[in-house]
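Report on the following structure.
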Amino acid sequence: MAALFRGSRNFLKRWNKNVDSALVSTRSMASKTQVGFVGLGNMGNPMAKNLLKHGYPIIATDVFPESCKELQELGAQILDSPADVADKADRIITMLPSSPNVIDVYTGPNGILKKVKKGSLLIDSSTIDPSVSKEMAAAAEKMGAVFMDAPVSGGVGAASSGKLTFMVGGAEEEFTAAKELLSCMGANVVYCGQVGTGQSAKICNNMLLAIGMIGTAETMNLGIRLGLDPKLLAKILNMSSGRCWSSDTYNPVPGVMEGVPSGNNYQGGFGTTLMAKDLGLAQNTATNTKTPIPLGSLAHQIYRMMCARGYAGKDFSSVFQFLREEEGQKGVNTPTD
Amino acid sequence: MAALFRGSRNFLKRWNKNVDSALVSTRSMASKTQVGFVGLGNMGNPMAKNLLKHGYPIIATDVFPESCKELQELGAQILDSPADVADKADRIITMLPSSPNVIDVYTGPNGILKKVKKGSLLIDSSTIDPSVSKEMAAAAEKMGAVFMDAPVSGGVGAASSGKLTFMVGGAEEEFTAAKELLSCMGANVVYCGQVGTGQSAKICNNMLLAIGMIGTAETMNLGIRLGLDPKLLAKILNMSSGRCWSSDTYNPVPGVMEGVPSGNNYQGGFGTTLMAKDLGLAQNTATNTKTPIPLGSLAHQIYRMMCARGYAGKDFSSVFQFLREEEGQKGVNTPTD
Amino acid sequence: MAALFRGSRNFLKRWNKNVDSALVSTRSMASKTQVGFVGLGNMGNPMAKNLLKHGYPIIATDVFPESCKELQELGAQILDSPADVADKADRIITMLPSSPNVIDVYTGPNGILKKVKKGSLLIDSSTIDPSVSKEMAAAAEKMGAVFMDAPVSGGVGAASSGKLTFMVGGAEEEFTAAKELLSCMGANVVYCGQVGTGQSAKICNNMLLAIGMIGTAETMNLGIRLGLDPKLLAKILNMSSGRCWSSDTYNPVPGVMEGVPSGNNYQGGFGTTLMAKDLGLAQNTATNTKTPIPLGSLAHQIYRMMCARGYAGKDFSSVFQFLREEEGQKGVNTPTD
Amino acid sequence: MAALFRGSRNFLKRWNKNVDSALVSTRSMASKTQVGFVGLGNMGNPMAKNLLKHGYPIIATDVFPESCKELQELGAQILDSPADVADKADRIITMLPSSPNVIDVYTGPNGILKKVKKGSLLIDSSTIDPSVSKEMAAAAEKMGAVFMDAPVSGGVGAASSGKLTFMVGGAEEEFTAAKELLSCMGANVVYCGQVGTGQSAKICNNMLLAIGMIGTAETMNLGIRLGLDPKLLAKILNMSSGRCWSSDTYNPVPGVMEGVPSGNNYQGGFGTTLMAKDLGLAQNTATNTKTPIPLGSLAHQIYRMMCARGYAGKDFSSVFQFLREEEGQKGVNTPTD
């Protein structure tokens, strides 16, 4: 009986695969045919360029026409709306700021789903609420298209050098097709599971990142107050169990490391306001799933307070500065002769 | 003028060194002469054994006579009190549970300082409040002895295998002498600065460790609730910016890693009650120095709540279990066929 | 110019009022005509009974037919669906557990808006996300109906005795009509502003309530540990600046007050799981409006942790018990002879 | 057997009382004989004046001679040190900023205990660590004197008008004598229990006060963001379960109440730095007694962060301003025409 059922299930799986294959068969198989790209901001622009470099013709659009100029000069075709892009390309990548933008670009009056071709592969690299990814996937499925979420880790630098990490959620049998495109833009392309799990992985990573960063800032600040040299303290932490990415790769204390925002007055990097946004997503998913996240929640609140106190545009490692005493402590007191 | 002053300072330094040398000259110079050891608990016992293995005769004491038996059988001389140990040995190591014990062992009626020889080197490896270390150093100095704080990182296993990390605070010119002994018991011996900075480094590390552990537990729990496979999530975190010691070396989720307490019902390891104690020390130093430590403070409270709810004796990674839903979630739901 | 503009605006206001009046004129004006009621749970049932007592014929429905029996015996007419209720009554009150239920009851396939009469007054007393209230109001407006949110403060007891407090959001010119019905069920009916502000006021109150309750529990626990008699401590707080509703009206420490859940093993009252839900709503609105709520957020997490540790069904004042040491402290140590 | 034991205990009690009476008998019984006063700061000065008004000759001292001038002009005798005061007066009140000052004034080289008379009554109204109060009491007892802690609630205004609340810890049989003096300076004099419980009550109250204040600030800010009028929201909270001293007596939102610091740019009142100090005391006692105080701890951290960000000198209700968005929100947006 169980065997029969398993058999049936396998049959269903095969049947579904046939359906999927049927859908996919309508998609352009020659790999270097055109790829649609919606959202040419700080991240989308270098990502699209990397696709161009790998020989993919690009059909793109953005709400801000000026964002399209550079790509147009490099040979991309610029259209007026996501719907127009969907009308021409059956593989589309979207890179947008937040959930409402994604909803609009997919399901709005000029959205992708208005003119999407059957069997199209739609990959969203925005960082949004996983429940929105699921909604988009369901809406795409109704139109005979496949939607995958593939948010990225790594900033503008990694986008330019094609070293992003993609965390991909969606039907496993579509992962190979997605990976073909994503590997032009990233060094790691990780399959995470069903639709939304790419977002979930991204949100989880950034929550732990925020906790580690604030924790590192507090710890370095406390150690300095207790008379420890910041470089020495960082060295000790990094050879001990306190070690984390924020202590050994992106230390928030000016002077401890080279080439990180803390050495450049917290300019560049990953803005506090963006971290606050990602922590808001983590908070929403935690609230919806009734999961306690005490430190994640407090990290969210601290980045929110920082935004209220003028740190919105600084790199998120500026929490070290936020926690320091204001007066008479302009910089870290490193030992001098 | 500045040059003159600098010159004077250097002169003073040299002068002080001479004084120090004078003190030190009274200390037994032959390196394999006897070493005193006070506190033969879970940590002290294997540490003293490693000194024995390296050829140092040991003169030891402990408030619990039975703790001394094993070492006595191995050839150590057991005396009645810290004062008696100080009467015979001019290099003494102490390894005690908390600040009040240290105060008693050094300054109590039968304490080390009652009979300490001039020029003795006193090394305290307990984890205590740095301000107590400073007090002990001042009291020792009055008796013509040198006190250094040298708390350890690494548990009973590292103590047995001689792989501890020592964080050492005290007069720099005594560090070489201290290192000779400590390197018999540890793989790393790090000089941190003036007296108390060893404690400060230890406390800082453990605070960041606690934050990273709770953060990892929250993140893994949230990811699992969102449908991610725990092993996959750990892998993603560990190749991304969420990476930390608790995620890649001591993962709190049962089944993700081998050979860690989470795989053994959180037995062994580093107890929640000990972590709560160290976080209390971090909190005290932060309060005294008026340093904000929002996440460190909340981590302290969470471990305190865990102690109140029956987790005192479990490894500190059991915070994962504490945060999980009680009913119907006995273990992590790993995908099965 | 400004005067002209103001005049124009006033004209528009008058015009709008005329439109509103036109809508309202289609609503049954005789005040004791039938009232619809959807949701006969612990709260809805006694609320509907109070309307009956005041002479309003009731037309009701609930997803659980058995919930309707008592009201039916008292003379209420029971129908199959919210749509059916809307077909017969042009004043409807809804009292439902959460946002999804409200969305379904209003906009679902058998929802109120399927058959709502033009000019109907729809009052939702559920505690839900204010943004859902706004969506429902917009959907109702499209059908020519008026939607108001009117969540309540006060539990089952206040619902039975008609002593609820209603916080009402919606068009001000409809408030009088709403108040006529609501004052049959409550002692206070407060107009809060535009649609959603009733929910906002409710959520704000409950967030501050949760903070005050946990704060009171921590404070009482700390004081008892420091040797203070709990009754004396409560008395001191209540005559000082620590005073709050949780300390003077609903003290969480067993034995301090009569007639509160702390005196009855935390049974009855307002469940931890309900408080966690309301704090989730507060968190969502704060995240959406980018408002920092550090203590509100931590309160949310604490109630969420309590749910995970078996406190879901207890009154929310059981946080005192949650924070107490488990062993050897079964009750509060009140001084004995 | 139990009766016999109880009898014995009662006998011992009586015997102890006789001893106490013997001590007390050496103290000046005529109530309007001179009273010593150490610490003539913002609080001590008006307190001493009230004793003068009630006819008590004052013998006073302060480390800052200029602080003594006003009292000297009113007839007080000014001496050089606490020891000198103790040499002349057998009832002494101390009002000092923090624990180290108290330790110095009592046990320092020119401290009270150097010349204290047997049977003297020493009342400390400073807010300090209860464990320091216990130490001072033990030291006083050795000299044959009685020490009581009697910290105050109420600020400079209450000190001037003689409306302070005193929370008194110490031997119950001395309470009447203490009350005689304290009631000249305060409206309420509450006996709390053994030595240190006065401090404990004070610390507990201020911890709950801080939690209530931050909670009120968060709640008001959230409500305003959600479109509620601040006065209306305060009114709703104050008639509901969110009510607390900070919402109904000392509302932190400018414009909601008259005569509170929020209406005067947060000048005057109770400084953030003082609140941070009291929360530090609460944190210390909680850490020492292993009591979880999650909200109290976070409140401490928030006030500490505020000190780091320039709020040290503002009233503690300025947390509302700290949490508000910086730009474009200079004041609360109250509805205008």
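Read from first to last, the chains carry the letters A, B, C and D; within each, the first residue is number 1.
What we mean here is this: a residue touches a chain if its C-beta (ideal position, glycine included) is under 8 Å from a C-beta of that chain, and two chains touch if they have at least 3 such contacts.
If you want to know which protein each chain is, UniProt gives these names: A, B, C, D = 3-hydroxyisobutyrate dehydrogenase.
If you're wondering where the values come from, they're calculated on a predicted model, not measured in any experiment.
Undergrad: Once you count every C-beta pair in contact for both, which comes out on top, A-B or B-C?
TA: A-B
Undergrad: By CA centroid distance, what chain is farthest from chain C?
TA: Between chain C and the rest, the longest centre separation is with B.
Undergrad: What is the distance in Å between the mean C-alpha positions of chain A and chain B?
TA: For chain A versus chain B, the centre distance works out to 40 Å.
Undergrad: How far is the middle of chain B from the middle of chain C, if each middle is the mean of its Cα atoms, in Å?
TA: Roughly 52 Å separates the two chain centres.
Undergrad: Which residues of chain D are in contact with two or more other chains?
TA: Expected reply: 290-294, 298, 302, 305, 307-308, 323, 325.
Undergrad: Using the touch definition from the top, list the residues of chain B that touch chain A in their complex.
TA: Answer in residue numbers: 130, 153, 165, 167, 188, 190, 192-194, 196-197, 200-201, 203-209, 211-212, 214-216, 218-223, 225-229, 232-233, 235-237, 239-247, 249-250, 282, 285-286, 289-296, 298-299, 302, 323, 325.
Undergrad: Would you pull the chain B residues touching chain C in the complex into a rising list?
TA: Where chain B meets chain C, its residues are 298, 305, 307-310, 322-326.
Undergrad: Quick one: in the complex, what on chain A touches chain C?
TA: Where chain A meets chain C, its residues are 276, 280, 283-284, 287, 290-294, 297-298, 300-302, 304-305, 307-308.
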